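Common to both upcoming complexes is chain A, partnered first by chain B, then by chain C.
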Partner chain A sequence: MSGVLSGAPAARPARSRLRFEGDMRGLMALPALLFMGIVFALPLGLLLAKSVQGADGLTLNGYARVLGDAYYRGVIWDSLTLAFRVTLISLLVGYPAAYALARTGGVMQVLLFSLVFLPLTVSIIVKTFGLTIMFRREGILNWLLINTGLTDGPIRFVFTEMSLVIGMVNVFLPFMILPLYSVIRMLDGRYLDAAATLGAGPFTTFRRVVLPLTMPGIVAGSSIVFAISVAAYVTPGLLIGERYMTMSMVMAKAFLNFRDYQLGSAMACVMLVIALSIVFASSFLTRSLEQRGGR
Partner chain B sequence: MNRSKISRRSILAAAGTAAAVTGFPSILRAQTREIFIGGPASPGLTDVLFPLIEKKHNMKILFEGTNSLINLEKIRNNKDRPTMTVTMMDDPVLVLAQREKLIQKLPAEVTTLADLPALAKPADGMWANWCQPMCSASHNTQKVKGVASYADFWDKTYRDGLILISMRITQAVAPLLAATQLATGKPLAECLKLADEGFGKLRELRPNILQVSTNAPQAQQLLETGECLAYLAPDSRTTLFRKAAGAPVDQSYPKEGVIAMPAGVALVANGPNRDLGVTFINELLNPETQAMVAKTFYSKPTNTKTVLPAGLTFPDMVVLDWEYFADNRNKWIERFEREVAAR
Partner chain C sequence: MATAARILSAIILALVLIFLIMPIAIVIPISFSPSTIFSFPPTGFSLRWYENIRNADGILRALWLSTQIAGLSTAISLLLGTLCAIAIVRGFIPGGRLVATFMTSPLMIPGLVLGIAMLQAAREIGLRDGYAALLLAHVVVTMPFIMRTVLASLALFDFAMVDAARMLGCSYPAALWRVLVPNILPGFVSGALFAFIVSFDNYPVSIFLVDVRTKTLPIQLLNQLEMSPDPTLAAVATIMVVLTILALLVCDRLVGLKRMAAV
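Presenting the complex of A and B:
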């Protein structure tokens, strides 16, 4: 290490050794890359091929059917707006939770961690059915509203967009909290002290110090939640059914009912492009934020 | 100090023990033969019907209960090396299976076929209908006193009170034909080929639709808890089975008629253990089992020699042309999703 810093001739072998070790560390990702190559990239390639495969050779007819049909464009728009709403609410709910998780310790932290992790151990189907029971006309939510005098009679919650959004936030919230927690935990408390010393109030400290420094966590959490929300199938199916069609439901219909692989694959590729755009954009945003923070 | 010696005797003893430990389960397995069946996730199959057949014929039934289209997809994917021997699907899906040569004609060894009417042996005996469940509507008895006509469901008293089964599920033919009947005034039996005329009427039902569901257990649960007033349309296998278990639900018998759902059973083409498959189908269609099927599944038996248990009767049911349904289903799914299910 000292050789590297000194720039002495003796440093050359050390530098190449470091590069070699770096390459070797890169090789550690090989099993994961192989695994993902076989179970993700290969089927994806096949899917892409199916989407442009027509009876008479290559065609973009599948994409024309998806993007040229107002109904399917509506389905894409509905999937995107649903994912956006779920991401936004997850962020608003998840950020304070992640902050509390990172800044507390002892029993409280264990308790908060349990609250984040325990829902992950419960099947989506169980959680979703549980929500349906809670949202019923005779469920606890309506009971509370009526008994607190907020409403005169039961309100319909089941199979509404509101219950869908709440249900999806419930399922995906941990995926927002965990990346946020890992970034907030690394936040150096001395920055907060310095801001306070310079006369900044809590809101200004949050806006000018905490928020910019935790932005990579916000971007990472939001991109994860958005990507899995836009592709959700089970939760929308159980919480609202076919009255709110999503891209995944169209794919299921195309593959299973219609055996229309071209339509299903084209819709899958459209969804993939959306998800990849989000991942690349968030990655770019995180990198530029880090560079700005570094300066 | 005694040294342990490896003798011929100890080797033989060890080999004998190893053979007993590892081989015995195989011997047991060899005595009880296994048959893999794919079929519906209806109540009563794995807990009532199959145990009886297993005991009577010393076979082990490995059953996978799911909806017919998923079942078909599994058979398609294993076409070159089938693992399933028997498939139990509804007729519109068996029509597709027949066209793709995924099932084989029932052989002469299925002797019970002789006692089935021609209508219960579609496509010249490619498969058999082992029962005919009733399909109309199901209502919550604490909220609805009875359903005199399908037209009742269009009344505003049912606002946000109906769950419609998705057109992807065969039973969705009931609300479609009910709408067609109301729109055209034709008898229910003539409505299948006029079904396109029923979509306008079905669209009028939208204010009353709470959900369009592909998840039958969830819909059934919501019906039983009173969250919805009626569910169009599970068949009698579910409704009357749950009624017998004490759930506050009942089959609706609207004046326009009740549709016969076709529950088919077929041999998978080139499936393993064909002889066991034949035994299973013969057992399923024999008059004694059919009487038990009628009582357990609240479905009309197809074997004409069946003596119905005392007190059990079935109304005359409307029998549909399922080949026509299969040919038009995709078009109707598309129309249903765009015109009825969409917000």
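Presenting the complex of A and C:
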């Protein structure tokens, strides 16, 4: 009878044909899996293998050079602190912006939302190009600063760490705002009313109610922004170049200029480990938040 | 105090939006300015940089290559990814969730790492053809975006309709093509547009795979930017921004931006 319930014809031959077909339909996944196995997973495995391959047999020489050398340790540290600064600023600026965005309604919200979304789809080269124009001596930033009387003369932005951080925040901020926005939008306004009724001030309400409820968005946004900042290449390359060496820059130079594949592969593997740790840490945090929330 | 916080956050939002749009908007007046240096405010109006695009041979060739690579890689991802997504959603294969994670995992890998891995693999098997290497790599880059949108669309699709078509005499592939495909077309279009943009804009993977004859647009633009920055780039950038906005409007019509951003 179960055959009838599941909609399959009850007759025997028909069922065996279906059965056979079911097996065949599993093959639909095969081309994609084969492709990704050969073109994606295999090269990554090869990269790991190359990073420990020496002239004769296995060696950790590449890693010793990357992690043992004060210069390369400094590069890793600089990449991490840069990503941290970009993430922190994006969070501090993005949170209130996402909050305001989630609290506007109707057509206005659609319009403002598109303005956050549009930069995500515009080429990063175009945006970084725009940023270099903004930061120039006679660019719009200095024009604004001088005309509003904030500064007397032009400020030097080009090739400074400040312009690097501002530029990266500009490029990666939407990745912070979007997850925050989607969490804050779900926030039930009655919780805020309840907190107020119980005598909590705005600050206490924010700290005890809003912040814990929007924590998943904070975790998601921060981990995305940190992960893409630590691996960023185009924006630092154009805004500051070799004045601020990052892991990406070392990797690219090792492969494209010095042809030092062992060093480049080892650095790439270090970055891979950092990127994957962020992914795992954020999914672990999200899961423990969900458990604490009792969902 | 609550109203003060509300006003403050609204002001921050306004400033953030201006900040986000500024580098994109700034290239437009620059592209119409007659002078060779990027100064603000611009003086006068000229179309010389747009005329100049025609002479910039490298840019046009790169544009054509990027269009081909993005189009082909999106099409391949769409075909392979959709078949795989159907098998996952219908439970034709064991460990569907794991497979889905695997298919979207290139998103977790930094672009440069992916590029370096592909470069070494291409060298190892003796793949000298830049075009083929680029295309293969871009299928990997676009696959996660296709998988995510198609999986999300399929979750909402009622497969009983495919069974109905089968009972009415359609073969399984024909049922998929004539019933499933039209039904999840919006998901296909938004996924494909997103994948196309991602491939078209990819720099960190491509940089390791291009050679002198095969350069994609982002690589060519960045080369030009480092060599001889002039407003021709602003003209190209303006055209790209306009095309992007048009693509977004199409997407918004078909699926709505919010849904696209969420999946």
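The criterion applied here is as follows: the second predicted complex is superposed on the first by the 253 of 295 C-alpha atoms of A that agree within 3 Å, B and C clash if a C-alpha of one lies under 4 Å from a C-alpha of the other, contacts with A are read in each partner's own complex, and residues count from 1 in each chain.
Here is the rule we use: a contact is a pair of C-beta atoms (placed from the backbone, for glycine too) under 8 Å apart; a residue touches a chain by one contact, two chains touch by 3 or more.
Everything numeric here is computed off the predicted structure, so don't read it as measured data.
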### Task
Could you tell me whether chain B and chain C fit or clash when both sit on chain A in the superposition?
clash
### Message
So in the superposed three-chain picture, is A:Lys127 touching just chain B, just chain C, both, or none of them (first/second/both/neither)?
### Response
second
### Message
Looking at A:Val273 after the superposition, I want to know if it touches chain B, chain C, both of them or none. Which is it: first, second, both, neither?
### Response
neither
### Task
Pick one for A:Tyr71: touches chain B only (first), chain C only (second), both, or neither.
first
### Task
Could you look at A:Met186 and tell me whether it touches chain B, chain C, both or neither (first, second, both, neither)?
neither
#### Entry: First, second, both or neither for A:Arg243, with chain B first and chain C second
first
### Task
Return first, second, both or neither, reflecting whether A:Leu173 touches chain B, chain C, both chains, or no partner chain.
second
### Task
With both structures superposed, pick whichever of chain B and chain C touches the larger number of chain A residues.
C
### Query
Of the partners chain B and chain C, which touch A:Glu138 in the superposed model: first, second, both, neither?
both
### Task
Have a look at where A:Leu211 lands relative to chain B and chain C in the superposition and call it first, second, both or neither.
neither
### Task
For A:Met108, select first, second, both or neither according to whether it touches chain B, chain C, the two together, or no partner.
neither
## Note on the structure
Among 93-101, 219-227, 237-245 or 255-263, chain C clashes with chain B only at 219-227
#### Entry: Where chain A meets both chain C and chain B, residue numbers
129, 132, 136, 138, 237-238, 256
### List of chain A residues in touch with chain C within their complex
7, 21-22, 25-26, 28-29, 31-33, 35-36, 39-44, 46-47, 50, 93-94, 96-97, 99-101, 103, 110, 112-134, 136, 138-140, 143, 170, 173-174, 177-178, 182, 201-203, 206, 227, 230-231, 233-234, 237-238, 248, 251-252, 255-256, 261, 264-265, 268, 271-272, 275-276, 279
### Query
Once bound in the complex, which stretches of chain A touch chain B?
71, 129, 132, 136-138, 156, 158-159, 237-238, 240-245, 253, 256-258
### Message
With touch defined as at the start, can you tell me which chain C residues reach chain A in the complex?
### Response
1-2, 5-6, 8-10, 12-13, 16-17, 19-27, 30, 37-41, 80-81, 83-84, 86-88, 90, 92-93, 99, 102-103, 105-106, 108-114, 116-121, 124, 136-137, 139-140, 143, 160, 163, 172, 197, 200-201, 203-204, 207-208, 218, 221-222, 225-226, 229, 233-234, 237, 240-241, 244-245, 247-248, 252, 257-258, 261-262
### Query
Of all residues in chain B, which touch chain A in the complex?
69-70, 73, 160, 166, 168, 209-215, 218, 221-222, 225-227, 329-330, 333, 337-338, 341-343
